[in-house]
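Here come two complexes built around chain A, the first alongside chain B, the second alongside chain C.
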Partner chain A sequence: MSQFSALVRVLRPNRRGWFAVLIGMLAIFAADWAIAAEPASAGGRAVVRRLSPGQYMQIVRDVFGGDVTIGGRFEPDFRAGGLLAVGAGQVSVTATGFEQYYGMARTIAGQVVDPARRDVLIPCKPVSANAPDDACARQFLARTGRMLYRRPLTPAELESKVAVANEAAKSLKSFYAGLNVGLTNLLVSPMFLFRQESIENDPDNPGKYRLDAYAKASRLSFMLWNAAPDNQLLSAAESGELNTEKGLARQVDRLLKSRRLEAGVRAFFTDMLGFDQFPTVAKDAAIYPKFIGAVVEQAQEQTLRTIADQLLARKSDYRDLFTTRSTFLTPTLGIIYGMPVDADMAVGTPDPWVPAEVPDNGLNAGILTHASFVALYSHPGRTSPTLRGKALREVFLCQRVPDPPGNVSFTVVQDTTNPAYKTVRERLRAHASEAMCTGCHKITDPIGLALDTSDSAAGFRTNENGAKIDAGGELDGIKFANAADVGKILHDHPAVPSCLVGKLYSYGAGTVASQGQAAYMNYINERFRANGYRLPDLLRTIVTSKAFYQVDADQLASAAGVPTYSNP
Partner chain B sequence: MSTSTELATRRRVLRGMMGGAAVSVGLPLLDCFLDSTGRAFAGGAPLPVCFGTWFQGLGLNPGSWEPKTTGAGYEMMPHLGLLAPLKSKINIFSGLRAYVSGAVPVHVPGHSVGLGGAMPKPGVAPGPSLDSIIADTIGSRTRFRSLEVSCDGTPTSYSTRGGNARNPGEHLPIALYTRIFGPEFTDPNAASFTPDPEVMVRKSALSAVSDERADLAKKLGAADRTRLDEFFTSLRATENQLNLQLQRPAPLESCVVPRKPEEQPTGRLIHEALAANKAFAALLTYALACGQTQVINVNFAGTASTLRKPGSTDVYHIYTHEEAVDPALGYQPTVTWFQSRVIEALHEFISALDSFKEGDGTLLDRSLVLYTTDHGYARYHTAENIPMITAGSAGGRVKTGIHIAAPGDSMTRVGLTLQQALGVPVSSWGKDQNATSRTITEVLG
Partner chain C sequence: MVSRILSARLACAAVMAISIAPVRPASAETKSFVVDWLTLAMHSEDGDCPGGENPGIEDMFRGIFKGMGYEPDKIEELMVLYNGGSGAGPIPGIVVYRGRIDGKPVNVYDNPTSVPDPNIHTVAGRYSPGFDLDNKAEPGSFEDPETREKGIDNQFYRAMGCIHSHRATPPHRAGYWSYAWDAGKSVVRAWLITVTGDDLSRDGKVTVTFNRGMSRVIRDANSQAQRDQTFKIDPDPRTQSSFRGQIKDGVVTIEPGELHMITGGAYLPLQWDMQRAHLRLKLKPDGSAEGVLGGYQPWLQLFYMYGIGGYGMEGMIGVNIPGTYYALRKLADANPDPKTGQNMSISAAYKIEAVPAFTIPPSQKSAAAGR
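On to the complex of A and B.
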C-alpha cells in the first residue's frame, strides 16, 4: 500500500491520471510477483564477532540502566570488507584489551551491587548480607546471564557462576561482594564479549544448517537495534516462535516499528561512513579557526540526523541522500558552512539543532558535502580531491581503489616553481599523466575535484587563492559541472543501491556475501528497487529472508568440523 | 615464587585471611639490595634485561645517516649528530631492506618485515611481532607483558601477539601513569607487604572463566579457535597481574614512584608529539626500573606520518611526496626538518634510559631499544636501505658502537640477531624472501 500511496502522491492524479495510477500499480504488482520468491542460496557463515564498543555500552545500558558508568577504554576496531562489523569477526582481544574489559567489568559490577542500585537491579534479597545465599545468587545470575550471553546459561555454566559468587561471598563475608565477583566474571566471559552463532540442522532443507533460534535473535537484534535481543525476542527464540515465518514477521514488525530502529540505522551508517576515523581529524586552527572540537562531534550528528530524517521519518528514497538540501544545523555548524543559524540560546546551553535548507547554488551534493565527508577526507590545511574521490568510490560505490604504489617519483608534482603548473588541478594532472599513476588518479580525482567547492573544513567556496574553482569533470562517462551534478549522477548510479545492499548484508551477517549467494543478493537488490529504494523495506527483506540465517555446509566442512552443539 | 608455593599460598592465604589474619610479610630490605656493583641483586641474579622498540615512519634521507666506515669506531653522521654522545652504546645497521613481491606497497614494508618478519598477505593474519616473541622469553614474570604507547594522539601500535588485533598504544601519559602507578601498583621497596584478600578472591574467580574454554573450543573452526586462544592468553595476563599483587616484589633500589604527569594536549602537532614522547620516556623508564614490565613499544607518529607544524597546510607525509628537493641543499628541506625532530625524540627517549643510574651503570645498559621505520627514502617510498638503529647492550649481550652495512640483506637479520641475543631459542626467522638464518654475529657479545 505504501507504493500505491507513493504513486498517488507523485502523480497527484486527476481523473485521467487515475488510469496511469492503475497501470502503474499493475506494473508494481507484476514486478513484485516476478521477484516474489527468494531464490535458493548456498548460505552464509556462522561468525564469532567481538562486541563493538557501541554494542557493549548499549547492552550495559539495557541490562543495568543508563546511569551506570563504564570507565575504561575499548581497543581499536578492525576494518575488513569496508566495515568494522566484518572486521569484528576477525579480531580477538589483546592483553591490554582484556585488562580494560576487566576494569570495566569491575566498575560496572561495583555499581550494580552498590546499595544505591541493588534493590532495583537485584531481584531478591539474601537471607543474610554477610554470607552466601545460593538461591538469590542463582536468581540474579540466571536472569542477568541470559541477557548478557543472549541465551539462557547452561546448567553447568550457571552452577559454575553461582559457585564463584558463593565462594567469594564466603571469603569476603559479604553476599553483595560475592555477587560483584560473580557478575564481573559474566562480564569478562568470552560468551558475553563475543557474539557466537550456534547452528542446527535446517528442517526445511535436509542436510543443511541454519542459525539456532538464539543466534537468529541476536543477528536480528544487532542488525536492527545494534543491541542484544530484549526479553521478548529471547522468549520468542525460546518458545520456537522465531523459527516460524509468522513469528519471525511479528518480531521483525515490532523491531522495525520501535524507536530503537534509529539507533540501529545510525550504527550502520556510522560504520559505513567511517566515522570511527573522526577522532583523528584535526584542522589547523590557524587556517580554520572555526573548526573547533564541537564541530567534529556535530559533523557526524548532522549527517546521522539527516539520514534518520530522510530514510526513517520521511521514508525517502535512499539515493536522495546525495541530492537533498534538507539537513539540520547548529549555530556552530552554521558558521562552518557560512549559513547563519538563528537560534535563541542562553549562555551555557548546548547547541540546538534546527532544520535547515542548503541553498540551491550547485555547491550542494547532499551528505557528500556535509562536513562529515569533505572534512574527514581532507588534509588538515587543504582539500584532497584524491582522498575524497577514493572515499566516494569505496564508501558509496563499493569500488576498490588500489593503494598507491611505492617507488614513485613525484618530481613533476614537487616542482612548484614550474610556471606550467600553478594550481592543485594542474599539478595533479601532471602527476596523473605518469604511467603508473594515471590509472588510479583518473578514477579518484575528477569527482574529488568536483567537491573542491567545499574546503578542508567543509565551508562552501567558489574561489581558491583568487582563482575560480573549476569543478567540472566526468564520472563513469557522464559529464558534470559542479558538486550538485555529482550528487545527481550518484543518485542515478546503479552501483549506489547495490553497494548499500551489499554492505547492509555484510553488516548483519558479519561476512561478505559469497559467490554462492549471488542469486540471493540479486533478489535483495530487485526488492530494494521495487520498493522504491526505501531503507525500512530493505531491512525487512533482508531480516525476513531465509538465506540471512542459513549456514553454508561447505564453509563448515572447511573449518574444524561440524559443531554438534546446540543451545539449551 | 614457585608454582607449588603459589598454589599453597592461594589456598592457605585465602583461608587464613578470611579468618581475619592478614599476612604481613616484612622482609629486611638490606638483605635484598643490589650487590656492590649495583648491577645485580645481592644474591647474584643480574638485573633483568629489557627490550623496546621505537618506531617512526617515513625513513631517513639516504646518504645522511649511514656512517662512512663500518665496524667499531664509526663516526656519527651530522644528521644523527644528537646521538653522537651515545655513540659507544649505539649500533647502526644500514643497507637492509624488506623484500616485497611486485610493486612496493606503501607504508608497510619496514614494520611488517623489520618487526614482524614478513610482508602482509591478504587473508592471512600476521604472526607475533618481535617484541611479543622476546617478551615471552624475558618478560613473562612482570606485571605487564609489554607496554605500548603512542605519541600522536592515536592508539597506533605495531605490536601484535599474532592475529589482526594490535596491542593498542596508550596515548595519554596520565592514563599510562594510572595504569602503572595507580592503586594496583605494589612498591617493591615498601617496608611491609600485605596481600589484599579481595585480590586473592578475584584471581581465583577469574581462573574459573577459563573453564569455559574447552566447551567453546569444541564449537569453533580452526581460525576462531586461534582467536579464542589469544583471548585466553590475554586473560592469563590479567590473572598474572593479580597474582603478582599477591606476592612481595623483589626490591629494586632504583625504583621510585614518579610524579604524576601534567595533563597535556595530545595530537599530531609536532610539539605535542615531542612532549608526549618526553612524558612517556620518563614514565616507561620508571616502569622498567620498578620491574613493572621488561618490554616497551613506542610509536612516535606512525607510518605515513601526519605530524605537522602549526599553521601548515600539509603534513609530514604529504611533504615527502610533494616537496621539491632544494637544489642547493640536495634534499627536501621540510621533510628533513621533520626527520631532525624525529632524531631529537629518539635521542630524548634513549637519553632518559641512559640518565637513569643503576649502580655503576644505567638502565640503558641492561636494555636494548630498536628504532626502525617503514621506508628507506620516503620521497620515493622505497623498501631498500631502511634504517635500523639499536641502543643499549641488553646487559652485555650485544656489543655496541658498531656500524653494520649489509646491503641487500633482509631486515629480518636484525630481528633474528636480537632474539638470539635475548635468549629466544630460534635459528631462523621471517617468511618467504625475508626468511633468514644469518645471525649478525659481529654484534653478539
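On to the complex of A and C.
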C-alpha cells in the first residue's frame, strides 16, 4: 500500500493517470514477484557449535528460573569469519573447561533439587525421599532433558540417565541426591553443551538434505532469541508443523513478535561489534581520568539500546545507525561525551538511562562515534585511526584488512610527545612512509582519521597537542570532512547492507555462506533492499527461506563428525 | 537552564544544552562548577604554635588520665591496652565518661564543660588565607599569603591549626579536612557554584549562586570529581544562596551576604549558615576554578561536627573535643549574645577547588520530593 500511495503522490492521477498508476503497480508487483522467488541453493552446512556463555545462561534461566546461580567460568570464545557464532563451530572443551562445566552443573543441579525449589521444578514426588524412584526420575529427566537437549531424549539416553540417578540415590540414600547426579549428567553432556544439528533427507529435493525439525527449531530460536527453543517451538517440531511453510511462518511470526527478539538482536550485534573485547579495554587514568569502570559496560549498553530502539522499536532503516543522532545516555556517559544528561539520579541508585540527541554540529553522529566503537578501537593512551579504520572496514563493510607484519617499528606512531608530529595524522604519515606499511595504511587510516575528533576515551576534541585535527579524507572515492560525513557515506555504501546480510546469515547458520549460495545471498540482499533495509524483515526473510535449513551434500561428505542422530 | 563552560571544546554540549532547556539571553554566559574539595584554609609554618603542636593521641590520653588522677603506673597499664589492638580495653569508657557533673560521670562530648579547659594550643602565625570580614586590621589578625591583604579573620583555623591533623601548607590540604570532605563526597549531595555574567572573559558584574545537587559526585579514575557531570539542583531553599558580585582579571568576588547549605554527611558540619560570606574564585584556563570562601559561622555548628565524632575523633584524629569547645568559644569573634556578651559566631575560611559541571533546575517531580 505504501508503494501505491507513493505512486499516487508522484503521478497525481487524472483518469489517464489512474491507468498509469495501474501499470506502475503491475510493474512493482512483477518486480516484487521476481525477487520474491527464492532461488535454488546448494545449501549450507550442518554445524556442531558450542553454546556461548550467554546461551548457556539463558537456557538455565529459561528451564530453572532466573534466580538460579550459575557460578564458574566459561571457556574463551573464538572468532572466525568475523563472528564468535562462527568460531563456536571450531572449538571444543578443554579438560579445564570441562571442570568448570562440571562445577556449574553441580551448582545448578544442587539448587534445582534443593527443598526450596524442588516442589516447583520437579513435577512429581518420590514414593520415598530416601530411595530411588525411577518413575519420578524418568518424568523429570525426560521433561528437563527435552529442554536442555533441544529435542526429546532417545529411550536409550533417557534410561541411561534414569539408571545414573537410581544408582546415586541408592548409594546416597536420597532420591533427590540421585536426581542431582542425574541432572548433573545431563548438564555436562555434549548434547547440551553443543548445538548438534542433525539432518534428514529433503523430501522436496530428492537426493538432498535438510536440517531435521528439531535442528531447524534450534537454528530458528538461537537466531531470533539467542535461546533454546521453547516448548511451543519444540512441539511444532515434534508435530511436523515446523516443516510446513505455514507452520514455519506461524512460528516465525510468534518469535518475531515476542519481546525476546530484542535479546536475540542484542546478542547478534554484541557479536558483530566485537564487544567481547571490552574486558581488555583500559585507559591511562592520567590522560583519560573520565574513563571509569562503569563506562565499559555502559558504552556497550548505549549502542545496544540505540540499535534496539532504531531497528526494532522504530523499525528504521539499518543504515540510519550510521547517521542517527538519537541515542541513550547515563550521567556517566554524559561526562564522557561532555554532554548534559537530564536524569533523576538519586544518591546510591544505579545510573538511569535517558533518551538523548547528539548535538547537530555536523561533526559527530551515528554509532561510529559511540564509545563502544572509538574507545574499543583505541590504545590506552592514544587513539588509533588504524585500528578504527580496520575495524570499520571489517565489521561494517566485511572487507579483510591484513595484519601488520611482525617486524614493523611503531616508534614514530607511539611517540605522542614528538613536537615534529603533533597530530596522529602527522605521525601516521611518517610511519606509513615506510614501503611495507603504506598499502594497509591507505586502506585503514583515512576513515580512521575521520574519527579522530573522538579521543581514546570517546571524548570530543578539536585539536591534539595544540594542533587542529584534520578529520577530512576519502572513502572509496568519496570525499568527507568529518566523522558525520563518513556516517553518511556508509549509509549509502552498497557493502554496508550486504555485509550485514552476510553476517546475519553466518550468525544463524554458524558458517560463512559458500559460493554455491551466491544466488541465494543475492536474493536475501535484494529482499532487504526492497523492504527498506528493515532488520525484522531481513530476519524473517532469512529464517523463512528454505536455503537457511538446507545442507549441501558435498560439504556434508567433507564435514567430519556431523551427527547422524535421527528423530525418535 | 542547563549551564556550564561554554568553551569551544564543548561546543557540542552547548547545542545540547539549548536543545533541552530554555534559552538564556544570548548575551549571558554561565559557568557551573561542582566543588571537588572544600577544606579549611590554612597556612601552617614552623613556629606558628608558640606552645608547640598539641599532644598526639597517646600523649593526649596520658594527659587526660593524669588529669583524672590516675597514677603513672596505671596510666602506662592503660596505654599498653590501648596499643594492644584489642579495642583499647576500658579506655573508651574512661575517655568518654571523663566528665563530671555533681561528681557523677557524664559523656564529655555531650557536656564539654564537664571537664576543665585543657587550653589546647592555638595558632599565632602570620599567615592565613581568608578575608578581612570586619574591615578592621586589628593586631594579631592574619595576612593572606596570596593577596597580602592584612586583617584576615580566620579564627577557626587559629583554634584548630596546632592539632597535627589540622596542619598543612598550600597547596597541600590538612589531613583531617581531606579525609572529611573525601568521605563525604561519596555519600552526600554535591555542592554547586554557578557564575553568570554577560561575558565571563571580561571584567564586569556577575551573579554567583551556591546550590546543592540532587546527586553525589561521580569520581573519575583518579578518585577526583568528574568534570562535566550533570546535576539537578536541589529545590530545598535551605541549600540555595545567591550573591551579586563581579569578575576582574578572571577572579570572581561577591558582595558579602548569607550563605546556607545542608551538608548532611559524616565528619562535616551538618548545616552551614555563614554570615558576611566572602568569595574569591579564580576561573582557570583549564575550566576548573579555585579560591577561598570565608565568613562567620556559628561556632556551635563547627563544634558539633567534632562532638558527633566523639571518641573516634579523639582516638583517631587527635582532636581534644572539650579543648576544641573551649578554644572555639574563646576565639569566637562575631555575633555577641545580647545577654551574656559571648560571641556566638567565629570567622572561618575554606579553600575551594571545583571542576566544570552542568546544572539543571529541579524537575516538577524533584521539586515535589524536595518539599
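Points worth noting:
Just so we're on the same page, the second predicted complex is superposed on the first by the 515 of 568 C-alpha atoms of A that agree within 3 Å, B and C clash if a C-alpha of one lies under 4 Å from a C-alpha of the other, contacts with A are read in each partner's own complex, and residues count from 1 in each chain.
By definition in this document, contacts are C-beta pairs under 8 Å (C-beta built on N, C-alpha and C of every residue); 3 or more make two chains touch, one makes a residue touch a chain.
Please read these numbers as outputs of a predicted model, since none were measured by experiment.
When both complexes are superposed on chain A, chain B and chain C fit side by side without a clash.
Draw one line from the C-alpha centre of chain A to that of chain B and another to that of chain C; the angle between them is 80°, to the nearest 10. Legend: residue contacts after superposition of the two complexes on their common chain; A:Gly334 is shown touching chain C, with no touch to chain B.
In the superposition on chain A, no contact is made by A:Thr306 with either chain B or chain C. By the document's definition of touching, neither partner reaches A:Ser218: not chain B, not chain C.
When the two structures are aligned on the shared chain, A:Thr184 is found in touch with chain B, with no touch to chain C. In the superposed model, A:Asn364 makes contact with chain C only, not with chain B.
When the two structures are aligned on the shared chain, A:Arg461 is found in touch with chain C, with no touch to chain B. When the two structures are aligned on the shared chain, A:His379 is found in touch with chain B, with no touch to chain C.
When the two complexes are superposed, the chain touching more residues of chain A, out of chain B and chain C, is B.
Following the chain A superposition, chain B and chain C show a smallest Cα-Cα distance of 11 angstrom. Shared interface residues of chain A, touching chain B in one complex and chain C in the other, are 285-286. Within the complex formed with chain A, the chain B residues making contact are 14, 17-18, 103-106, 109, 125, 144-146, 148, 153-155, 160-161, 163-168, 170, 175, 179, 197-198, 200-202, 204-206, 208-209, 211-212, 215-216, 218-228, 230-235, 237-238, 241, 267-268, 306, 308, 310-315, 318, 321-325, 332, 375, 379-383. Chain contact summary for the complex, chain C toward chain A: residues 2, 4, 8-17, 19-20, 187-189, 214-216, 218-222, 224, 226-230, 232, 358, 360, 363, 365-366. Contact residues on chain A toward chain C in their complex (touch as defined above): 283, 285-286, 288-292, 331-332, 334-335, 337-347, 356-361, 363-364, 460-462. The touching residues of chain A, counted against chain B in their complex, run 48, 73, 75-76, 78, 80, 87, 90-99, 102, 156-157, 160, 163-164, 167-168, 170-173, 177, 181-182, 184-185, 188-191, 193-194, 196, 198, 279-280, 282, 284-287, 379-382, 403-410, 413-417, 556, 558-560, 563-565.
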